[in-house]
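Two complexes, one shared chain (chain A), two partners (chain B, chain C).
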Partner chain A sequence: MMNKNNNSSKFSLSNYVFNPEFSSLLILIVMFIITAILQEKFFTLKSIVRNINAFAPLILLSMGAAVVIISGGIDLSAGAALSLFTCVLTTVMKKSDPITGVYALLVTFAVAILVGIVNGIGIGYLRIPPVIVTFATSYMWLGIGLFLRPTPGGESVEWFRIFYNPGMIEGISPSIKQFGSMIPPALILILIACFIWWVISKTKTGRYIYAVGSNNDSAYASGINTAKVQMQACIINSIFIFLAALFFVGQNQSGDARMGDPLTLRAIASAIVGGVALSGGKGSVYFALVGALILSFVNKIIFFANISTAYQTLVSGLIVIIAIAAPVAYTLYSKE
Partner chain B sequence: MVVLEAIGIRKHFGGVIALSNANLRCYQGRITGLLGANGSGKSTMSKIICGVYQPDGGEIRYKGKVVKYRSPSEARRDGIAMVFQNLSLVADLTVWQNIVLGNEEAKSFFLDDDSAKELSRKILAQLLPDLDIDKKVSQLNPGEMQIVEIAKAVSQNPQLLILDEPTAALEQAQVRNLFSYMRTLAKEGVAMIFTSHRLWEVMEICDDVTIFRNGENVASIDFEKEEKDPEKIIGYITGDVQKKKVEGKREKVTGEIVLKVKNLNYSRSLKNISFDLKKGEILGIGGLAGQGQIELMHALAGAFRSVRGDVELKGKKIRLNRPLDAIKEGVVFVPGDKHLEGLFLTHSVLFNMIFPKTGLPRHPLFIPYEDYRKECEEIVNILSIKAPTVDVPVETLSGGNQQKVVVGKWLPFDINVLLLADPAKGIDIGAKRDLYQYIVERVQENNMSVILYASDNEELIEYCDRVLIMYEGQIVESLEGEDINEDTIIACSMRVR
Partner chain C sequence: MNLGISIIWGRYKKIIVAFILIVLLFALGGIVVPNFLTVEQVLFTLKLASFTALFALCQMLVIAAGGGGLDLSVGYAATLTAVLTASVMDGQNANLMAAILIALVLGSAIGLANGALASFLNLPPLVVTMAMANILQGIVNAYTAGRNITGRPSPILAIVAAKSTGGFPNILFILLAITILVMVVLNKTKWGTILFGVGSNETTAYLSGINVKVVRCFAFVVSGILASLTGLLLIGNMGIAFKDMASNYVMPSIAAVVVGGVSMSGGDGNFVGVILGAVFLQALTNLLIAFGLGDAGKWLVFGIVLYVLLSFYASNRRSR
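Our next item is the complex of A and B:
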């Protein structure tokens, strides 16, 4: 028999290098170096903590966006859901009563699951195109958020700062304060999200998310409940958004029905810059994190490079296009 | 022992009746062949048995019980597995992930990947031992994909295995492996349903055959009791007993060279391809599957931008870097994979037929629908495409009829060179004859030239004036006249000679 596969092992290394994910990592390293040059004190603990805090919400949302996109969907309601969660949190909590913080956590988590289920029903069971479903639900979340919080505000219990900076909580033990200033809670939230995905990726659900996104019909023919898998992807996304909402309320001690809107498309763009294919089935959730870092560094670089404010948005748009086009060009070139 | 019995199955899709009264019986440890023209309902029958479709009427008895499956997974739980014709693999997962897909075992909470790999290796050892199970399915060639598909169905230890055209994408050596594996399974008591358009395969592997025509089973032949008579079987399939054959080779081709290809190179798949094509010639491209034949056809059709080499058409140098370049020069391409390259499945037959015309530079601003409709209806008649009207979506037609639409859409063109990449893949014997008959007539009337790549050597032998054999991206042999026969082609393909 003719053997046509004998050269497959030879190319395994190049397969790894000629990969959109690899190129996004390169871009991140370049941006990291540029930022480090431009910003003084980039490597101080304080600056690192501040950067992690600034990047955390986008990172969490981009990981959620990656899960949904890999499953073959897309979520245009992520920002609105984030806003909604902050509104629910700050409505349930009463500043004077610490126990309401626990209630708020439970209620909002339930809301998060529900948000995922509603999106999942639309995408998976009703088979409405994901863009339409989540565009519609984004207005539902906004509407409910405005009903709860017509203007930004609300109350938060004091201990909720533990999701932002434990050092700001009065009467807390010095060791926790010390720990909180070294390892920002935002980083722990990101690690929790990574851990959740790590566990899921080891189970059927993780494998099926890729299968369904890659080829829905084949997955169905293989006996997979594709609607359920798409719903699970939406719920995972919703949980990541929930984590981001905890950070926001910890930081601002208030809720806002519109604060998340700009993050929606940035989260999707981050996932794509990180090498997640919009067509579904391809890419890595962890690399969405890389994409989110790239997009965040873009803003920092523009800020520190003294570009006139009039051009900042334009330049950031151009850099994002380059960041998205580079992996594509890279894979096309390497295939030749 | 009868494992499965289907009685009086009826099924229609919209206005098209796929099955009117279909009966089938399968026995433990026996391989039942399912034969029939395209649209005769054998694919529909298989899909009803394994739960993809639900019948409108009739009864299915599996192991003595009446069953009604609502999905493939329900059927699979009962031990009925199907190897799909349009592959059910997920391209972005690896080979072993695909084999266990939908049927993963878990060790405590996490997936048990080691045992999945072990199982995959065990099954593939008998089918295709060289396959790397960590490769993604998107990196495999069609033959390898088909084998993974079979391995996937077998991995669930089915008691009834349905193989719908499993050999269409396979090379001869792979077919032999598959057949010996099927015999092993039969010895273990697995009942099998096997469909193929290649009659010799059915006669070699099957213990009995059931023949379908127009949604009904018209005959059953038990090979243990009756002799294997291909003429009789073809008679049942086509419905007419007398034998039709495409008119033999035509009068000599002229000496004029239409297409001159020199040193064509593309990536790793084509190396220094040079050949001449004469006017009125049918030039065959043969060889083992995946030796660059498909790439050569694509390159000539202008599908690769970075192809290098000189191509002259009637003495004039032409560029072939875009499909439009080729179409403008009258070099048109009929792809083998109609789903990927040839059709807009959800659009009507009419729309698919006129589409290439609307892409031409000198097309009138407003589409002359009435003229086109007449022309389209004419083509539908000529190729005897089975469609209620030209306005039905192409996806409602059967596979063979879809392929005819792909061929048909180029026919009104002023064709210099017709490129046919395995045009008869998945077409039944009757439709295949119609198709080639029409092409041969066109060649005679208009003196157009044809380059034909066929995975089935029989087609090359029957229709080609000259056959080029490809091996690893190069042309290694040119056969003419008496040399064009099964033995020589296979010997050259395997580089034995």
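Our next item is the complex of A and C:
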């Protein structure tokens, strides 16, 4: 007992450096410092709120991607699903009738669950390779999205701005406006996602997701319904994407069947940079958030350092490789 | 006799199914849409499918080597090659050799980088090649920022990739030659045995003295080279190079491999099946366009058909 305590309390740098989560945190701190130096007024409330708003969709999607990847899957349809949700929201809502906003929330939530179920059936029950089945479903979401919204547009009720900036709603009490300018709704959406995952991780489902992801066959052999667990992971992912869709419609007051596409691979990359292992079963959903912050800060730094935005994709590709290769390379080096 | 048939059926089941599906698609098109089932239409479909098939060949080799192999950078390697060689060729046949040389160097460099990271550092190929795709697209963006992509393919290349002889697209001859080459190498030489051996059982391959990492890395290098050369053919076909000319081939190339009956877990591969997979996807797309469903219907039906097809024969519901 004493011995065990001694071991765990012994501080050894290498224990931390080998951990992919440590290196991602280190990179984030460096990014943070560089951004703070480059951007004037980085620490003002306005700039912080603006940054949170800019980063929120990727953060939400990367957390969803992390859940699916930990369960042993992958979701290439996330961006298309996000687009679909914005299309459904803006189709159900009528600007003149505030109550339609509630209907839209309910309908879109149901659609989100359905999207999760269809992905989950493919990955879990039919056991089709996740890469290829979610590629197929991404076309379904795109098709339905285009059916609802052939061109970007649609309408949204006024109070939906509460998911973006309550200060923009007319006739709202000043105290809520004040609150909204201090605590951006995007942050609340992220906290809701974190809370959902926190609750789930305390239940059996949370542990099963890790068990199924790390070894599907032994999880199955020990009596876990692996297909159901993978489907639950897909549904959680869908709910996180749903939260991101609320933010988008609050911000733009419109839907677009193609706007989410670039986010799909960025979300997966964020999860990986945050230390989630693509082989499944390893990593933390909260650290996907760190990965998303790293990729977001990269773009900010490129913007503020006056580097042409043409280099954005190039640099974020390099960052992904450095972030995942550094711990491995360090391990190999120190072994020799 | 019966045994023979059942062996053939067992081995080539998915390929036969893919072939029947293609025939059904064309038959359906012929009944519903006038002028769908003509020789020109079929040849045109085959021509379009041949580019997907070539990218799918890169994909198949990497997937066959196992270890979760996938190459999401193929389309981007092709785009970069096309954009860079466009100005080098400048419409002159004399510069074709230089362009091919560039393609070979670029392709092997990209493949080597992918392979080194994926197999020697043991990083997940999906992420490595995705990041590589970003890097390559980034280079294309930076190269083309603020200027027009100038240059045309050399006439020989245009003839090979775009023109037809006697109504028969020349690219199909290339595809045929490559198919024969690939089939011979994979089925009649030890190279094929080694590749499939590494893919189907890493440990056995290692114990029989094969350097698994080198083989996997080599698969990526070949994939990179093939992708770059396909980029040359693409610019030959299109006549110009542009920023995202080949990125739309990446996911269909994976789908073609799966529809062609190749297991995603590695260890097998039949290029004829993969070509049929590519033709199926192209014929489906053409048919949906011919139906006049519009973008929405086209993509929805494409997704549903792919999903249903996958649930029948890419599903891995083994008895356990």
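The working rule: the second predicted complex is superposed on the first by the 306 of 336 C-alpha atoms of A that agree within 3 Å, B and C clash if a C-alpha of one lies under 4 Å from a C-alpha of the other, contacts with A are read in each partner's own complex, and residues count from 1 in each chain.
Basically, a contact is a pair of C-beta atoms (placed from the backbone, for glycine too) under 8 Å apart; a residue touches a chain by one contact, two chains touch by 3 or more.
The shown structure was predicted, so the numbers you read here are calculated from the model rather than taken from an experiment.
Student: Per the contact definition in the header, classify A:Ser214: touching chain B only (first), chain C only (second), both, or neither.
Tutor: Touch partner of A:Ser214: chain B, not chain C.
Student: Contacts for A:Thr203 in the overlay, against chain B (first) and chain C (second): which applies, first, second, both or neither?
Tutor: The answer is first: A:Thr203 touches chain B but not chain C.
Student: In the superposed arrangement, which partner chain does A:Ile224 touch: chain B (first), chain C (second), both, or neither?
Tutor: first
Student: With both complexes overlaid on chain A, does A:Val315 touch chain B (first), chain C (second), both or neither?
Tutor: In the superposition, A:Val315 contacts chain C only.
Student: Any idea whether chain B or chain C touches more of chain A?
Tutor: Of chain B and chain C, C contacts more residues of chain A.
Student: State whether A:Ile172 touches chain B only (first), chain C only (second), both chains, or neither.
Tutor: After superposition on chain A, A:Ile172 lies in contact with neither partner.
Student: Could you pull out which residues of chain A sit against chain B in one structure and against chain C in the other?
Tutor: 217, 220
Student: In the complex formed with chain A, which residues of chain C make contact?
Tutor: Residue positions touching the partner: 68, 70, 117, 121-124, 126-128, 130-139, 141-142, 144-145, 251, 254-255, 258, 264-265, 294-304, 306-307, 310-311, 314-317, 320.
Student: State the interface residues of chain A toward chain B in the complex, per the touch definition above.
Tutor: 1-6, 8-9, 202-204, 207, 210-211, 213-215, 217-224, 281-282, 336
Student: Under the touch definition given earlier, write down the residues of chain A that touch chain C in their complex.
Tutor: Those in contact with chain C are residues 74, 76, 118, 122, 126-129, 131-133, 135-147, 150, 217, 220, 265, 268-269, 272, 277-279, 308, 310-318, 320-321, 324-325, 328-329, 332.
Student: Give every residue of chain B touching chain A within the complex, in rising order.
Tutor: Answer in residue numbers: 52, 71-73, 76, 84, 87-93, 97, 101-104, 106, 109-111, 130-132, 135, 139, 141, 152, 171, 173-174, 267, 288, 290, 306, 494.
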